[in-house]
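In structure tokens below, several structures.
Consider the two complexes below, in which subunit A is the common component and subunit B and subunit C are the respective partners.
Up next, the complex of A and B:
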């Protein structure tokens, strides 16, 4: 099963490799990982998406908690949470398909962040379903390059009440 | 005035480090100098701090480990950058697997050269990441006291383990102020020590329900100093106790409830008791594969209570029904406190179980051919156990020597057996014995070695000779890498591939070349006198004890079998035909 785990860690060098090493050293795969500073500049927050049965995930969270630089580990999976991912996609555009490409982008409420005579670069934000749907639709036009942030996630305040 | 001036005075990083070590109460450092550590070694020299120069960095790490295991204090080792640091790796991994508090300092090339493939550069923080509890790369002289303080705290609390501190040369040379924080405050590190009261109650109700309980006690009992509490707990509840290798000494080996070691080379009694039990109370142990054998067949009808300070140890290898996370000693104290008076019915149930357990012990006790004219290693260990005082510290290498000690030596006190259980490091025992001897200069310290293992750190004879460290080394010499040979005999049709050490040196002469006393025992009749002579000698001794070359360690649970499926000896005929080829 897929799990979304958020971790707050000390904002120090080497912490990312400790966290990543813990996964690789046990043969656990990371599907996506994103890191950024929090309001407190000494603390960073990571969102990790990983896959595994209950036992593996239990081990992962316990091992993460054991790291001295890890302050808090929360597995969001069983709670109600919001997650988002942003992608930047560079698409080949011709006179013929330009209008169609722009229309798809508009439907997905994407932003045009760069234009050249032969390409458009879009910025799309959304949950996984939206991102995947966009990629699926735009792919036939010729994707030159794609860059994804990986998921970031946060707990909902009203938890299923 | 004097005080204030000292605090605000500018000191070099090296001086700050020496002062920080002194404040942590470090009595001795095991190490080996090198280019980037020149400033540290100069500061150490000027401060008159005790440092033991080993002849290989690996031995420094094991000596720090031995010091820590024997005393319960943090052991300290030091090595220079690059090869010095990488030579510590095996020692650090050994300490990590067995939860030993060690702080390892490594020199590093100057900060601005890191990453540039400088001379003697190695990314030791990266290399040791998976085998340390934590690590630090120092970036300024002023932060050294805080780093050292945190490192000692992390190494010695919760589930102990090694911490590496990497010291770039410019940090040791630079100037800074000495400031040690009043207390350690690490927001991501707050080990849980008190067991949850609700869980403790659940343990008690499991015990009341159980008809065939057994205590499986590991190194955690020794580490937390819970020996006394464990005896009280076992006696009160009339539950038999088996120890892991690292648990030996944590429960008195001569106690009527003691079953001996369990697992691959455990006693028939211990393994049968575990296999037939309906409740396993695991205390400070981690269900290692050498203990469980095939997990699927392990103790099929038992419920499992697991008491451990490390939450990640729980349900890692075996599904645990009642976990209690907390310091073993504290939890046992609580359990002993709220214990209710025993009922007559309950006592009867226990007596019945204990009778069964006793019968297993009588059915197949540990045994070997006592009538043999050859020197049986088991006999040597029994004699050693008889002759050495109760508080003697025994270290082992790895392989047959280790298992014979575990089976035949009667450990009655905690912290008297030092052995590399998890990593299984050959070459551990001798340097660990040196470390233990520094912790307890007056006690008898014996390294029981094999002829293979001893050659992995034999260069330390120079160290024991230099400081007259009175460690006794008893080599159970069979001119084989015995344990591997035994597996080849049993499972590879006795093809002794690369396990024959017939070109061994004369160990007595080797000892003498280093200025150490050597004793040879080549006849059974000499065993007792030889051991007595070694124990009585005031300095270091090497005893070359020429044992039966093909004695094996039995019983044995073959890999992948259930712990009840033991074998008790080799198939003799098969062996004889093959041995000729080797000789």
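Up next, the complex of A and C:
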């Protein structure tokens, strides 16, 4: 089963590799990972998406909690949460297909972050389904470069009510 | 100096912890990290922002290139590139300040991704300056939760022209 886990950590050397090492040591691949500062720059928050046996993931989260510099571990999987990701995509554009490419970007409420005579670079945000749908539509035009953040997730406030 | 490095890797166990380990082993802290799939799901792209001595960073990138499963390493620092990040922020809202909070979100062209009687959750994207400005403005209202992606970066197409 797929798990979305948030981990609050002290922003120190080696925390990231120790956390990632715990997953890979158990044979779990990390599908997506994002790390960014919180309001307190000495504390970072990681969002990890991984897939695996529920019981073993539970063991991993228990071990994560024991790590030095790990403050809090939350497995959001059984809660109601919002998750989002962002991609930057550089697309080849010709005179012939520019209008169509811009139309797709508009439908997905993307932002244009760079333009050249032969390319557009778009910023798209959304849940996984939206991002995948955008990639599927835009792919045939020729993707020159793609850079995708990992997911970030936050509990819904009315969770379980 | 601050460095923005993109690394294309085979999507396999342990790559992430080996890459992160190379930085922490040299005493570099990773300020921000994002990993996401590329068009080919067996290949992921990481964007790492770190700060350190230029010559040592060059050594680290050389060592990264030698790692099994690492396909390509690019230090964007001396090039012209676009970088963006995204945050989800849950803000406390009262009847009195709701209008003002929504106005700030509108100015930053944020999206509302969750609402409850006492909170709003916004999604904001932009460069670091914009994200920091938003946080600074919204912080006094009371931030209940924050989740920030690492940066993603892409070369500008007219780079150096």
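Assume the second predicted complex is superposed on the first by the 160 of 161 C-alpha atoms of A that agree within 3 Å, B and C clash if a C-alpha of one lies under 4 Å from a C-alpha of the other, contacts with A are read in each partner's own complex, and residues count from 1 in each chain.
Heads up, the rule we're going with is that contacts are C-beta pairs under 8 Å (C-beta built on N, C-alpha and C of every residue); 3 or more make two chains touch, one makes a residue touch a chain.
Please read all numbers here as calculations on a predicted model, not as lab measurements.
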Who does A:114 touch here: subunit B (first), subunit C (second), both, or neither? second
Which partner chains sit in contact with A:36 here, subunit B, subunit C, both or neither? Use first/second/both/neither. second
Most subunit A residues touched (candidates subunit B, subunit C): C
Using the superposition on chain A described above, determine whether A:27 touches subunit B (first), subunit C (second), both, or neither. second
Tell me which partner A:6 touches in the superposition: subunit B (first), subunit C (second), both or neither. second
Examine A:17 and indicate which partner it touches, taking first as subunit B and second as subunit C; both and neither are also allowed. both
First (subunit B), second (subunit C), both or neither touched by A:129: neither
Between subunit B (first) and subunit C (second), which, if any, makes contact with A:139: first, second, both or neither? second
Should A:65 be classified as contacting the first partner (subunit B), the second (subunit C), both, or neither? first
Determine where on subunit A the residues touched by subunit B overlap those touched by subunit C, and list them. 13-14, 17-18, 21
Using the touch definition from the top, list the residues of subunit A that touch subunit B in their complex. 9-10, 13-14, 17-18, 21, 25, 55, 58-59, 62-63, 65-71
Using the touch definition up top, name the residues of subunit B that touch subunit A in the complex. 125-126, 129-130, 133-135, 137, 154, 186-189, 310-312, 315-316
Touching residues (chain side subunit C, partner subunit A) in the complex: 6, 11-14, 16-18, 20-21, 23-24, 27-39, 45, 47, 82, 84-88, 90, 111, 113-116, 118-119, 121, 123, 125, 135, 139, 143-150, 152-158
